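You will see two complexes here that share subunit A, one where it goes with subunit B and one where it goes with subunit C.
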Partner chain A sequence: MVITGKHILHSAFYLAATLLCVAMYFIMLRAEFLAAVEVLVYIGSIVVLILFALMLTRTKVGEDTNISNNQKVFAALTAVILFVSLTLVFSYSKIDTVAENATALKISSIKDFSGILFTKYTLPFEIASILLLTALVGSIVIAMKEKLQTESETVVGQKSIDAGNTGNQNNENNVLANQGVQDIAAIDKNIGSNLAGSSETMVGDVLPDTDDAKGEGQKGEN
Partner chain B sequence: MHLQLGFELKLLYFLVMSAVLLGIGIYGVLTRRHLVHILLSIELILNAALINLIAFSAFTTPDKMTGQMFAVFIIVVAACEVGVGLAIILSVYRKKNTVDIDNMNILKW
Partner chain C sequence: MVIDLISIIPELIVTGFGLLVLMLSVFIGKKFDRAIAPVITAGIVLAIGAVFAFNFYNPASAFNNSFVVDNFSSFFRIFTLITALIIVGLSVGYVKESVYIKRNLGEFYFLIMMVTVGTMLMSSSGDLIMLFLSLELVSIPTYILAGYEKMNERSNEASLKYFILGVLASAILAYGFSLIYGATGEINLKEIAQIIINRDLLSNSYLLIVGTIMALIGFGFKIGAAPFHWWAPDTYEGSPTIITTLITTIAKLAAFSGLIRFLFIGISRFKDSVWIILFIIILSMLSFILGNFMALPQKNFKRLMAYSSISHAGYMLIGFAAATMDAQWAVFVYLMAYIAMNLGAFSVAMLVERTRKSEEIKAFAGMGYTNPFISICMIIFMISMVGIPPFAGFIGKLFVFKAGVEANLTWLVIIGVLTSVVSLWYYVNIIRHMYFIKYEGDAAAAKIKAPKLNVFIISVLALFNIAMVVVPSVFILIGKNAVTLF
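And now, the complex of A and B:
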């Protein structure tokens, strides 16, 4: 249902349910810490982040009739062939006999986990933290640059409107951009006056309207 | 491994489950047109890999927990990937006013 849902918000929620089931699998496999991490990181942050991005890019959040392209048959064929071949390989190789040789499954405590993580795997841990920092800075830079660019574009659009240059294609975009600039100005005033008040206006601005969504999206980067 | 569930859990069950998730995710990546939808499908594929790693870790080397360590790092990388991917989607949306992947052909020769 994650991939067949017509409503993309619904499919994000289905993804959360699927991830919860995966966390149940982890508990079954005696990896309680990873189950907690799965719930916290995936459901708590990734799905919420995706929902947030969907709110920012509200093009057509509603029912989308044409959600898939014309590769459906080949994609289904690929997926089914992959699944069948993997299952055959798994069932014909004597995996479970290997597993039976292992010692009885012991409950992995967080103490053992952290002991191994901070002694044997210290360097990967640090590299992972650096990777997180890099991704954080990188995503901010990607979003910020576009914001500056769109601001300059809106200024150009304003000038062109002032000059009376109303092209067919650019006219609607310019009007939209002007309203976005006005939204930003209003929101900046609100932020200057009162932070709590600005959050209230932020909630009020999330009305299903493309202009408001645009202003909201640009404001989110401030 | 014998759990108190009334039946015996086998490694094969977990592997088949992860293969199912992988197939669903690949189908989603190949067919959807919305960029965020594709990101969701990639999350499914990553979770299939996670189940595989943790199942092998739990059934073969439960003392060393190597698979669990790898799973932690995979979760970190997945979080980074989603953050950067959503930033790219936002910037693409601002530039082209759409998130339809069929419209993104500026790299096409």
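And now, the complex of A and C:
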């Protein structure tokens, strides 16, 4: 339903429902903490973030029939093949080993969980944080892009640029060219405090919202 | 705890310098731009020093065995750092002329440093979580860097394709890892290997085999092996050339070092499973057949190199299919040759692109007479790519093929040799353009501008290509030492 729905808002809510079911599975597997995290992070923030992105970026939220899809049959076929083969594999192999391990680890409470996270798995934890920082910087770079165009036109010998696009926004950007550098600094400083808010207002105020959506989308991914 | 910290000092240095550059470029602003590359260079050199000082003679297993320092990881870290150094060197001139990259220079170098750290972590990761995380740490910056030319539609396309397919690959990889965990109950690679041997899982657990194959699909995406190569041509063509170089060298290094870790340490007996071997053989065969034949009609140099790198991935996979001790160091030697010749070819192409504003093969026309030295180096790189003696590519191919023959894969090797004969055509085509076709364009651009730094890098790489044939024993020794700890 998430991917076949033509209305992107509906898709978002279907996604929430799917994630809720996944959380249920975690509860059935006795991983309550994971279930809680699933609900909090995925449904609580990511889906809501998608909705926010929709609200802030799109002028018209509605049925988007633009998405052409001529690979439906192929995709369905692949999915069915994958499903059948995985079911066969699962039914032929001994799954009980998984259950053994889950009980052997005894990660029942949040206390145990955090204990393991900060002793046994410190390095992966730190790397994950670096990874998030990288993604953050990257999404800001992508979101920042559009506003500093004028600079590019003064430089001779640039590579292929979409001429029409630059032409349209030429006037707006002339004003902004000088502020550009300061804005980067300002946005980067604000990362810590309020990422979504700051970049949203700065970029969103002046610009047509196309590229902003991309940046926001990527934040959602992260 | 102390030994834990000592073992990751090189990574800490590289990360630290990356963050430093990011912060300084924010607070100092445009004035800092000129100093970024030297600072980054200092960081990388310091990290190389740290590897020699702290890690080389101190094999260790830190952070609860999730981080392994052995010969393999030390060699690979130095190898990665040197590659990164060369890329930073090449980027100095390139970014000056690229209006987009120049604007966010601090972030640009920060992301390059993160790719480097990811590759270093990959080569020393000891469990599945680290493998996955470091692969992501390599991938996510490259997605962003591929789309760094903001208004260039091709760059956007490159980034988007790379991102969507890359995320799909990561998902498949993660699922494969979770199946392996389900089958063995361990995430540590060495313990996985032990459990597989003890319980004979490779012959009776389909869960493990399917998990391994799914992980191989994930890695296959990252190394660009057919039939998972569809992102490669468009991404290579669309990205800024410096980033294409990054993707084709460091990102590939990461994927291959991860694959070596995963297969030779984790699933160390993967030769026992017909399915896994068959899968690798199919991957390898498709890669070099498709890669070489699809490269024939290409007119764009970067697209051509994309297909060429697909075929090289195929040749390296022969080594994995052979799965012997010799094959392991053969793959390592091949990787060294591959990186050297790819860096060389791209650094020449970058100069051509900067002067003539074109990435077509046509743009190489006539440079044999205007820039004799660079052209001769380019001939070396191209011949090396084909794998004809007396250059590095020959040594790489020779040992991989030898390992293949010893593992009774002679038929695969024969197909490999035949397809590399096919590859002669398109590599020599570039040489033909350089010498036998007159340049019909702007007369001012006839002579290719070659800054001293670039010429220096190109000549060092050309020398390396020759050195690998003159004293192959040194490189074989390095390769052998790098894998002895397995």
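Here is the rule we go by: the second predicted complex is superposed on the first by the 126 of 222 C-alpha atoms of A that agree within 3 Å, B and C clash if a C-alpha of one lies under 4 Å from a C-alpha of the other, contacts with A are read in each partner's own complex, and residues count from 1 in each chain.
The working rule: a contact is a pair of C-beta atoms (placed from the backbone, for glycine too) under 8 Å apart; a residue touches a chain by one contact, two chains touch by 3 or more.
Predicted, not measured: the structure shown is a model, and the values here were computed from it.
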{"item": "First (subunit B), second (subunit C), both or neither touched by A:110", "value": "neither"}
{"item": "Which of subunit B and subunit C A:86 touches, first, second, both or neither", "value": "both"}
{"item": "Partner chain(s) touched by A:142 [first = subunit B, second = subunit C, both, neither]", "value": "both"}
{"item": "First (subunit B), second (subunit C), both or neither touched by A:56", "value": "first"}
{"item": "Partner chain in contact with A:22 - subunit B first, subunit C second, else both or neither", "value": "first"}
{"item": "Subunit B versus subunit C as contact partner of A:122, first or second or both or neither", "value": "second"}
{"item": "Touched partner set for A:130, first subunit B, second subunit C, both or neither", "value": "second"}
{"item": "Partner chain(s) touched by A:48 [first = subunit B, second = subunit C, both, neither]", "value": "neither"}
{"item": "Which partner, subunit B or subunit C, touches more subunit A residues", "value": "B"}
{"item": "Overlap of the subunit B and subunit C footprints on subunit A, listed as residue numbers", "value": "86, 90, 95, 98, 104, 121, 124, 128, 131, 134-135, 138-140, 142, 145-146"}
{"item": "Touching residues (chain side subunit A, partner subunit C) in the complex", "value": "85-86, 88-90, 92-95, 97-98, 100-101, 104, 119-124, 127-128, 130-131, 134-135, 137-142, 144-146, 148-149, 151-152, 155, 157-162, 165-166, 180-181, 184-185, 188-189, 211, 221"}
{"item": "Of subunit B, residues touching subunit A in the complex", "value": "1, 3, 9-12, 14-17, 19-28, 30-34, 36-37, 39-41, 43-44, 47, 50-51, 54-55, 57-65, 68-69, 71-73, 75-84, 86-91, 93-95, 97-99, 101-102"}
{"item": "Contact set on subunit A toward subunit B in their complex", "value": "2-3, 8, 11-12, 15, 18-19, 22, 25-26, 28-31, 33-34, 37-38, 41-42, 45-46, 49-50, 53-54, 56-57, 59, 64, 66-69, 71-72, 74-76, 78-80, 82-83, 86-87, 90-91, 95-96, 98-99, 102-106, 108, 112-113, 116-117, 121, 124, 128, 131-132, 134-136, 138-140, 142-143, 145-147, 150, 217"}
{"item": "Subunit A-touching residues of subunit C, taken from the complex the two chains share", "value": "4, 8, 15, 22, 26-27, 29-30, 62-64, 66-67, 97-100, 103-104, 107, 110-111, 114, 117, 121, 129-130, 133-134, 136-137, 140-141, 143-144, 147-154, 167, 182-185, 205-207, 210, 357"}
